[in-house]
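Working notes for the structure below.
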């Protein structure tokens, strides 16, 4: 069992754990954590695949893709968190806007 | 192995020992403040020795300087953050590791007089 | 993996978030082990640092609106109903492992191609070359995604209940010492990105860390900068990137075709503006709501 | 020398592994933060050792970023904890 395979396996494990948590837990913040963990699993598989070709030259394309992916994951997490806060507010007040927010808000 | 290598190896090993001691302190000590005590020793001295050990055989002064910068950064941040953690723990009344119990017994007001001194007095009186 | 499990399964949400940050650190070490220091930098800066800060901010806001947030999270799917989920997840995990198993241990990736064309890209770090020259379309869209996320967060219009405690002397001094250092390191990472691990995203994350630090210690965006200047800074990176993408389209007929002679210089321009924009975008995401002038007064 | 570096790095990896117990168990948030701070410091030490062992100077940059961001993250956590349990502190510092 090569190191690359080991890391790829760990990646699938992470993905599965994340998916499990995503399905089982009901709290939305925890679901966001779960999605992030799933993403990490995918990145791990990608990076493990990048180390497969020999020892001399690493494949930089998956690396670049992973960096892109990490940034996109942060963007997704931030948007999701904003949505969660909004949902919470709606559930508590019954309004979709804050009571003190201005009318000219976009 | 040159003498510098021996020196570096010795320093690194002692640094490793300090980290080990810190981990033991983290696991074995009874409350937040004693753990803090153990950990700051481990962090600052352990990392300091590691950095010194690596700097002894660094290839250039720039590398040694960067190592030193990293250590100073960790020192600065560690000291400040330890202070903040201790202060927070004191305010919450987290003495002897059971903040929750204390909170239930005395839900408001424990250590909230705002000054560190008053908090410390509270700490002694508990 | 155990760490991830702990992060996701622990009853206390605050504990879960701390564990998640620790998980990010471990991931960064794993990237180092996989010889991907670029990703390690990105993971440490963005994955662990900023995602953690965002999660904590959301946690605190939820806690302020409803103090019992820690109570209702432990209620999750349990007992007999969780068994089918568990079984299907195990099945999926085995299927994934089975899918990975037959992959050949040696596969010809694109490493040789990238190495062969590296001298035409204007930079010597292969990952930067891929990000900003060979596949810069992805990166352009990625910057756009960040901007779109910010627009989404803004259009939800959550104003944060800002109740800044006085930062205190220690926190204040620490942030005053750290902020210039962070900016310096951001600039260093940006510059080093051409030939060593580093680059726009890592540097942008460092800038965002400066902003988070300053916001936490009670700094507020001056009202004069809040409206138009902020927005201009936010779009400066994407617009520069787009311009440099479109100009080759007009001149040579190909989108994003950087002329090899100028590529290094152009990449540096793109990266610098992108860094500033990414940093600002991340800070704005951390803040959560569009700053409007009424709030400032 | 190489083996010493690698052995020490491996040994240092085990340390936070043990410290993880404190994060899981630690009765207060302060304990968890403490343990998280140790993770950061240990990670810096590991990275420095690996940088020397693997001879890649880039890892030293990673360590630098780690050191900075561990500080920022810790400050974030502390500041938020202070805000999240506002009844437990009156705002003005001892310092």
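For clarity, chains are labelled A, B, C and D in written order, and residue numbers in each chain start from 1.
FYI, a residue touches a chain if its C-beta (ideal position, glycine included) is under 8 Å from a C-beta of that chain, and two chains touch if they have at least 3 such contacts.
What you are looking at is a predicted structure, and each value in this text was computed from that prediction instead of being measured.
Between B-C and A-C, more contacting C-beta pairs join the chains of A-C. Comparing mean CA positions across the assembly, the chain most remote from subunit C is B. If each chain is reduced to the centroid of its CA atoms, subunit A and subunit B end up 32 Å from each other. Between subunit B and subunit C the centroid-to-centroid distance comes to 29 Å (mean Cα coordinates, whole Å). The geometric centre of subunit A is 11 Å away from that of subunit C, both derived from CA atoms. Rounded to a whole number, the gap between the C-alpha centres of subunit C and subunit D is 20 angstrom.
Those residues of subunit A in touch with two or more other chains do not exist in this structure.
Counting partners per residue, subunit C has 57, 59, 168, 170-171, 174, 178, 181 as the residues that reach two or more other chains. In subunit D, the positions touching at least two other chains are 16, 29, 33, 40, 57, 64, 68, 71, 75, 78, 81-82, 89, 91-95.
A complete list of chain pairs in contact reads A-C, B-C, B-D, C-D.
Residue ranges of subunit D in contact with subunit C, taken from their complex: 13, 16, 20, 23-24, 29, 32-33, 36, 39-40, 43, 46-47, 50, 56-59, 61-62, 64-66, 68-69, 71-73, 75-84, 86, 89, 91-95. Considering their complex, residues 1, 5, 8-9, 12-13, 15-16, 19-20, 22-23, 26-27, 32, 35-36, 39, 42-43, 46-47, 50-51, 54, 57, 63, 66-67, 69-70, 73-74, 76-78, 80-89, 91-94, 97-100, 108, 111-117, 119 of subunit B touch subunit D. Those residues of subunit C that touch subunit D in the shared complex are 2-3, 6, 10, 14-15, 18-19, 21-22, 25, 28-29, 32, 37, 40-41, 44-45, 48-49, 52-53, 56-57, 59-60, 63-64, 163, 165-171, 174-175, 178, 181-182, 185, 188-189, 192, 196-198, 202, 206, 209, 212-213, 216-217. Considering their complex, residues 2, 4-5, 7-10, 12-21, 23-27, 29-30, 32-34, 36-37, 40, 43-45, 47-54, 57-68, 70-79, 81-86, 88-89, 92, 97-98, 100-102, 105-106 of subunit A touch subunit C.
Residues 73, 76-77, 80-81, 83-84 of subunit B are the ones that touch subunit C when the two sit in their complex.
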